[in-house]
Amino acid sequence: MTTAADWWATSICRMEPGVVELRGVPVQDLIGSTSFVSTIWLMVRGTLPSPKEAALLEAALVSSVDHGPQAPSIAIARMTATCGVGLNNAMASGVNALGDHHGGAGQQCVEILNDIVAHQSDLDDAVEEVITRYRTTNRYVPGFGHRFHPVDPRRDPLLGLVDRAVADGVVAGRHLQAARAIETFLNRGRTKPVPMNIDGATAVIYAELGFAPELARGLFVLSRSVGILAHAWEESTSGMRNKGPIPRTVLPAYRAEPPTG
Amino acid sequence: MTTAADWWATSICRMEPGVVELRGVPVQDLIGSTSFVSTIWLMVRGTLPSPKEAALLEAALVSSVDHGPQAPSIAIARMTATCGVGLNNAMASGVNALGDHHGGAGQQCVEILNDIVAHQSDLDDAVEEVITRYRTTNRYVPGFGHRFHPVDPRRDPLLGLVDRAVADGVVAGRHLQAARAIETFLNRGRTKPVPMNIDGATAVIYAELGFAPELARGLFVLSRSVGILAHAWEESTSGMRNKGPIPRTVLPAYRAEPPTG
Amino acid sequence: MTTAADWWATSICRMEPGVVELRGVPVQDLIGSTSFVSTIWLMVRGTLPSPKEAALLEAALVSSVDHGPQAPSIAIARMTATCGVGLNNAMASGVNALGDHHGGAGQQCVEILNDIVAHQSDLDDAVEEVITRYRTTNRYVPGFGHRFHPVDPRRDPLLGLVDRAVADGVVAGRHLQAARAIETFLNRGRTKPVPMNIDGATAVIYAELGFAPELARGLFVLSRSVGILAHAWEESTSGMRNKGPIPRTVLPAYRAEPPTG
Amino acid sequence: MTTAADWWATSICRMEPGVVELRGVPVQDLIGSTSFVSTIWLMVRGTLPSPKEAALLEAALVSSVDHGPQAPSIAIARMTATCGVGLNNAMASGVNALGDHHGGAGQQCVEILNDIVAHQSDLDDAVEEVITRYRTTNRYVPGFGHRFHPVDPRRDPLLGLVDRAVADGVVAGRHLQAARAIETFLNRGRTKPVPMNIDGATAVIYAELGFAPELARGLFVLSRSVGILAHAWEESTSGMRNKGPIPRTVLPAYRAEPPTG
């Protein structure tokens, strides 16, 4: 019979008066000795990472903190911050927008990389089968293509770190291989390139480090929360009230016109 | 006249095709060389911290990641995760609960510490004036008292790190002094102690490092987001659907009774 | 080329200084003459309903306003209301939990009813094909089964109103027929009944009235928002701070135990 | 000692297998006989309204359902709806923005009207004292002024309904009197008028009907949720993905410029 203690049981923490343990580790043994990123790893995975594993996760988290106010999560957090709510509420609304289309590409890309790595066939055949099958129901292959950057300045630094981690024996390199093979496959016969983008590069890291696909989304949320906080904070000092999406000098009145297209 | 570019202007980032700059720093110069915590500092403060400043912030962030499912932010995230929404939505609902009572103590404590440090009088008089004034409108002094832990295992490690930072000349130590003076003042004539708690200890760190009070709340949100993610993720793998607050074996049916008291 | 006006174009409202039109109707022509429910219909459908159509929608909305604090949306709103945020923030967190498992049954049931009504075969064959296919990927048929009520006291009153609306020629009755046929099919050979529940009964109404399946979820959200408001409001007057899911007298400390099962 | 049943006790509903009672009324006694608006009143107040009381509340709720996509709550819901989350999540983010500046004016105006009605002095002196005191800490008097409409088309219809309700003895008319007296006071010696606006007119209704100030915000949230739903639904059918605040044809790249002013 389920008790209240069963109902709220968890392996993540133990709290008793005077005791705070995170995944069995007394918190005082983490404070001052363990990085925030290693603590993140401990909390979601259950054990601490090696320093080199942590460094790779660190790079992925640093890379995704912001992409400017044209990203809905950022604009939404900024607008909410002018409406007379707490900073946490503005952050929550920004995070709430990191859904399948806005934050889900990394998760979906990890799933694709895992499918290829687990495939029976050799790499090129696996890529062809998995990507062809994926494209029967999806227009875009998550992790590839340039929505804004012809060359994303974060891609090569991230992939370079993965190469080094492979050379150091920190990760196996199979997901990196798979991602590069996808890039090759997608670019066959094209004049206009389809490069691996930031979602793909971070997906390679999350997959190589063994994070479940859904955690790729969760970790992206932690990362993007930093930009969401910074922008909400900046906007909260602007003196604006009830900030809409466009200034009235650009859109003086609101006129209804049926959506185009 | 306000243009669309003015409307969404920010000092935080610059995005152009091929360019991602965070506070003027090209992101590729951060990836692999700068920690996540130093990046957080850069994003909210505008400049990079020294390594010792970053270490102090790191400890504060590590210390606050979780306090178990009796914290509403954690329970809410777990429950939402069983309702058929995305992981980011479960996280958002958890963050949305980090309001004045749940995440605001650190912010309020930073304000009090700042008031005391800025006060004209000597320390003991400043403490007496500020705390007495605060208590005319508030029952609790944020940062002090034990709601759960008689001795919070995170308090001494954190304050020890601040002591070392003062000795190293990293921070001035005035807010730490103020906090200790508040603790002395609150305990005058009491048999049952009123210790500085985790909100007070982290507030000392945020104040010593020069973070605005509202950012103390924002940084707490970033920290607590880690526990929120871990718990939402764990619950999402439980197979529960529409998890309520209490199992039906404990509360078989819902009967209305007027609230007690 | 997309202008700012295009970007935010809508058919729903027109605002100019001195003008507020909802779906082309001047708002002053609605105030005092048009019910809130008819206004809801106008806003989401684009035209006003007949009085009898509005009455049927009214009944569906009234029926779903609350199901008590064991529903996560209600518990979450109550808990958030004690955390020092605004009433709207507590309501938002409750609404955020009305996902696929908690508020989605009505939407999914409308889809199933639509599939059966559109089916080429006669009713019984259509029911068998659609339900059998649905059950290959889903354990529960949304709209049927008693999770709490052996006999839901809302079911017969709602279905009775649909019967009357069919008799009056207000709705065609085909979705009602389909739902009753599903109930018959699911109960074949069972001693323990599988009745149509509140999600099924309201889905019949939304489908008969021609609402798209996603709007069935949206309308359920409007309805449940009433209970969410009432509960958040009541809890906000309780004097509780940071209300967790279980009182400490039942769960004095938090101990980590691995989840059962 | 607090039990689990105590912890979640409420006067709002009673649920047992086969029983759903809202404020003591069996729900089947409401379905088909009681309007949605009267049910809203029952849920938040505890008793049913008279038909004329309900009609006044109906008008207030109808009047506030939308104000177009320049309102942050509406823009935020539309943007979130393109990010691959559920319709309820898009609605939640919209509601989360209805804070002190965006949805709070009605609540604050009710408080002011209550202060004036309860004042010892005669009406004009009460108005002068309350408004002068309010303006020492606030720039705007909530409920008055035209942020968009020189003449709000909803104002006169709403106030006309209150006049009729006073004539019918449904409400006392003292809050209406107070609001008109504020309008007179604010316009003394001005060439440019400061009219009562929609927040003021609905505040008059909520105050005359005896709703607590916080419930004025909650009821506004229920009303605005209708527009939020309609807009989120419309945008979800647009085919847009990750809709930002401004089209790239207007703001092609994002360039950081320090905020003006």
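By written order: A, B, C and D. Residues from 1 in each chain.
Following the convention adopted for this analysis, contacts are C-beta pairs under 8 Å (C-beta built on N, C-alpha and C of every residue); 3 or more make two chains touch, one makes a residue touch a chain.
A quick note: this is a predicted structure, and the numbers were derived from the prediction, not measured.
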| item | value |
| --- | --- |
| Candidate from B-C, C-D or A-C with the same interface as B-D, over half of contact pairs in common | A-C |
| Interface residue identity across copies subunit A, subunit D - same or different by half | same |
| Averaged-CA centre spacing for the pair subunit D and subunit A, given as whole angstrom | 37 |
| Inter-centroid spacing, subunit B versus subunit A (mean Cα positions, whole Å) | 23 |
| Distance from the mean Cα position of subunit C to that of subunit A, given in whole angstrom | 32 |
| For subunit B, residues contacting two or more additional chains | 2, 4, 6-8, 10-15, 17, 68-70, 75, 84-86, 88-89, 92-93, 96-100, 103-104, 234, 245-246, 250-251, 254, 259 |
| Subunit D residues touching subunit C - in the complex, by the definition given at the top | 1-4, 6-8, 10-15, 17-20, 22, 26-28, 30-32, 34-37, 39-40, 43-44, 55, 58-59, 61-63, 65-70, 75, 78, 86-89, 91-93, 95-100, 103-104, 148-154, 156-158, 160-161, 214-215, 217-219, 221-223, 225-227, 229-234, 236, 246-247, 249-250 |
| Residues of subunit B that touch subunit D when the two form their complex | 2, 4-17, 21, 84-86, 88-89, 96, 245-246, 250-251, 253-260 |
| Contacting residues of subunit A [partner subunit D, same complex] | 4, 68-73, 75-76, 79-80, 82-85, 89, 92-93, 96-104, 234, 238-239, 241-246, 248, 250-251, 254, 259, 261 |
